[in-house]
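Each chain gets a letter, A, B and C, in the order it is written, and its residues are counted from 1.
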Amino acid sequence: QDKIELTTKVSKGSISFASEDGNFKFGFGGRVYMDAAAYFDDKTDLGSGSEFRDVRLLMKATLWKKWDAKINVGFADGAVALKDVFLQYNIDKNSLVRAGHFLEPFGIEQTESSKTTRFMHASSTVEAFRPGRNLGVSYEVWGKKYFYTIGLFGSDTNNKSAGDEGFSLNSRLAFAPINSNGNLLHFGVSGIYRTADPEFNSDGDKISKSIRYRSRAATHIERRRFIDAKVVGAENQVKLDFEMIAASGPFSLQSEFIDAKVNRNKGFEDYHSKGWYAQFGWLIKGGDYKYATKTARLAKPGPGSVELLARYNETDLNDSDAGILGGKQKDMTIGCTWYVNHNILMRFNLTNVDLDEYALNGEENFNMIQTRLQFAF
Amino acid sequence: QDKIELTTKVSKGSISFASEDGNFKFGFGGRVYMDAAAYFDDKTDLGSGSEFRDVRLLMKATLWKKWDAKINVGFADGAVALKDVFLQYNIDKNSLVRAGHFLEPFGIEQTESSKTTRFMHASSTVEAFRPGRNLGVSYEVWGKKYFYTIGLFGSDTNNKSAGDEGFSLNSRLAFAPINSNGNLLHFGVSGIYRTADPEFNSDGDKISKSIRYRSRAATHIERRRFIDAKVVGAENQVKLDFEMIAASGPFSLQSEFIDAKVNRNKGFEDYHSKGWYAQFGWLIKGGDYKYATKTARLAKPGPGSVELLARYNETDLNDSDAGILGGKQKDMTIGCTWYVNHNILMRFNLTNVDLDEYALNGEENFNMIQTRLQFAF
Amino acid sequence: QDKIELTTKVSKGSISFASEDGNFKFGFGGRVYMDAAAYFDDKTDLGSGSEFRDVRLLMKATLWKKWDAKINVGFADGAVALKDVFLQYNIDKNSLVRAGHFLEPFGIEQTESSKTTRFMHASSTVEAFRPGRNLGVSYEVWGKKYFYTIGLFGSDTNNKSAGDEGFSLNSRLAFAPINSNGNLLHFGVSGIYRTADPEFNSDGDKISKSIRYRSRAATHIERRRFIDAKVVGAENQVKLDFEMIAASGPFSLQSEFIDAKVNRNKGFEDYHSKGWYAQFGWLIKGGDYKYATKTARLAKPGPGSVELLARYNETDLNDSDAGILGGKQKDMTIGCTWYVNHNILMRFNLTNVDLDEYALNGEENFNMIQTRLQFAF
């Protein structure tokens, strides 16, 4: 029992070392996204160029049958970014408890790996309102037609500021009333309650807390946030996400609507903002769309697939009642993805961005071409 | 001889790839500590919260039978922290030479992996006076009843400042007159001589060198150092550590006393400070305490063990003769550790901290609850 | 086809996991260079000491026969430094296309791994003019007697500044008219055209672009650059590198001459600078020098080899016509390298540096002793 031999295999382009009884399994790997973008400027002098969007090293293990451990560290921009770093206890085949640093449950795109999200950049609505990864615990349970998760999260992987850190409670519930014969219909709803983190001035005195929503223009090489709402006098925020997926054979439709409300101190009007996106996919090569029940979303298309894509997004950070005009963005993207094999894919995206008078540099409308070469093993 | 087949095994929850003759062995892995703390404030507004105390990726190898190489890199706080990074030549079964970045020999807790130290945080005495890891070389030799090491270290893994960097000479000698039938008695003494690093003002001119001793309040989520002595006009420091371990069956006692002296330039009085801790352990489940002869300290309890713990610590950084009043801290911790299996453990610590008038915010006394979920593979 | 068993082997001290048909191969490893230096000062107060010159973790894979993926991340100085991070498509046995972050083709020493460059520090000429690693694509083709590569590169792995980033076009062509019976004669020429990156002042307004050439004094522990030419009003640069290698049995000679020209805006004189080095090697143990056709340079000497080395370098950053006097450096190094085994080597270098009146602290002449312990697996 103390020394068990492992068998080394490659499956779908990833290496694993596993014991015959499945009690132990180890793996290592990495991922890299190489992006390039050309911008056609309106008012703002946009910075065309190239970058690593992501570079990661990963080690993971299944330990003593029931435990899964994962350490995934990012190095893009020459800085350390902790990604999934967690310990998971698999209660049975359909439920688990997880503790560590991972994506808070909230809708589809927020909880999906960037390896499989359909466009080069998350929709600006999801970018503006997503909670991202935080240190916390969650419970998940799922079946062929349902998925439920609930979580409790702190505010960060460290605790550098004085004062007690904020926390969040969240939950995602999804149903798939139709899931058979290449047809899929899926609905879901998520909710987050999160308290604001304490803030301090340079003398170390507590000041008014704030909550901020902002997003880039459906791109990352040009890094400026064109819409940006900083809500001072904040106590907490409540966010709701309504999600829908429909698929039939090689066609798919996915949409999310997010509503965010910041509850503020006395003397401040509460702040409301919202956004939504809808995206359409067509597998012109590679078969039909499939459903991933364990995560309640569309699975990654198989190797060799070619996918045509279109997305419309609208994000509105203006709330004149609250006196906060963060800007409104409408953007439209058409794209094509070639899933070369299990490890490699290439993306090509054309995007038009339309901004209102409250955006970074006022009203403007610009286009961009973006492309990605991605590998993971 | 040029291509040798390796066998993959898991032992005690860690993976290894080894040749039959033992000439080659490779491994990879990682570790994560997830901490949470709740503080009950006195004067200072302490920041309750959660954090990753440690996140690491490790690769290691045994090469050509005699050489051990290790690269262990930490990523907590979103920053790179080099941990054990060294090359070791194993002279025979009981002695080795090591070169690289590793813990300078000095007492028990300073040289022990945080995977096995008994409490969530090192004793404040060891934290204040420990030399930590530095770039250097050491020689080690050990037997069933003795351990001896001597080392020479530089001051850092890089050399960013102008001027020649400081260095240290150190040694640790330990005896275990009783080590049989579940009974253990161990004594040791360590000494360090270290020169101060050069310091420069913003114009690049050399200024008075300094040596600093400071420590946190037996916790890390709240990061402020409550006792802190900065000794200017420093030439070098001499530190002594006296250590003791006694164990009988499921009971253990461990204690260290550290004395630090800073020799200063003419016109300054030499600075003296000191501290000590004593800790008691009781394995209520999991058998007896064992001795690790290779490192001369208590071994990690086996999987399934449950350990009750208590520690008293006193650290005194006040030296009124030298005119430096860094503060005095007394703290008491009781704890419980569950060694779930070879990979996973959970800690629970209750601590009372008592600070004198020279501490960060003057005299105060506060309590805290801390907990850790730790995994390594 | 979906689950293929892999065989684990160690070859030349490195581990690999490969499928029998060669379609899949995985590996991991790392490298560490530990350096120490003692300087004998002239005018400048040089900082003797020790450092990690390099610490890296590596994961790599051959995927679906034709694709090679590599992720190599550096952690020296406690900071993330992306090294080779690329995806490569092997067209046939003698040609490939590569995309990612890697050394731009330009001469011998710029494109050679620091694991095998002969001295502890690159020649100051190569350091001053080398393009380093950038994000780009290249095509390579080679045979027993020729090597050709052409590339297109951006300016960095991220795109933090506003404005479109600069780019470069480069090429290296090498011939080995003699390559048999232990005799080698090799000639090569490389060229780079690179546009200057945009620069902005603190208000975000575009300012005059600049290109900078500078280098250390054949060492890295003392970090100051003693010669340094910052050319403002720059539009682009054109650099040429002429290379030569000759070897006969245990003797080798290698030399590069680099010429750099900065084309400047109207009203500025174009800037010229240049440098060259020649180095001599003698394998007093370990057989004859060999040629690596795939990279068109001398191969690493085999395990057990002992190599005596000498290098003369001259770098001239003064151009009085352009009004830029960056300083001139002449340096001479003698060295000895012991290739202990495939994984470990030790270097010992003695260097004399001679600087003219335009160098950092004016005319001076100093000596240094440097040593390295290096391991990689």
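In this text, a residue touches a chain if its C-beta (ideal position, glycine included) is under 8 Å from a C-beta of that chain, and two chains touch if they have at least 3 such contacts.
Source: prediction; values computed, not measured.
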Fraction-based call for chain B against chain A, same above half, different below: different
Cα-superposition angle relating the copies chain C and chain A, to nearest 5°: 120
Distance from the mean Cα position of chain B to that of chain A, given in whole angstrom: 38
Chain A: positions in contact with at least two other chains: 7-8, 28, 57, 79-80
Chain B contact footprint on chain A (complex, rising order): 2-8, 17, 19, 24, 26, 28, 57, 59, 61, 63-64, 67, 69, 71, 73, 79-82, 85-87, 99-101, 135-136, 154-165, 198
Complex interface listing, chain A residues touching chain C: 7-13, 15, 28-30, 32, 34, 36, 45-52, 55-57, 75-80, 221-224, 341, 343-344, 373, 375, 377
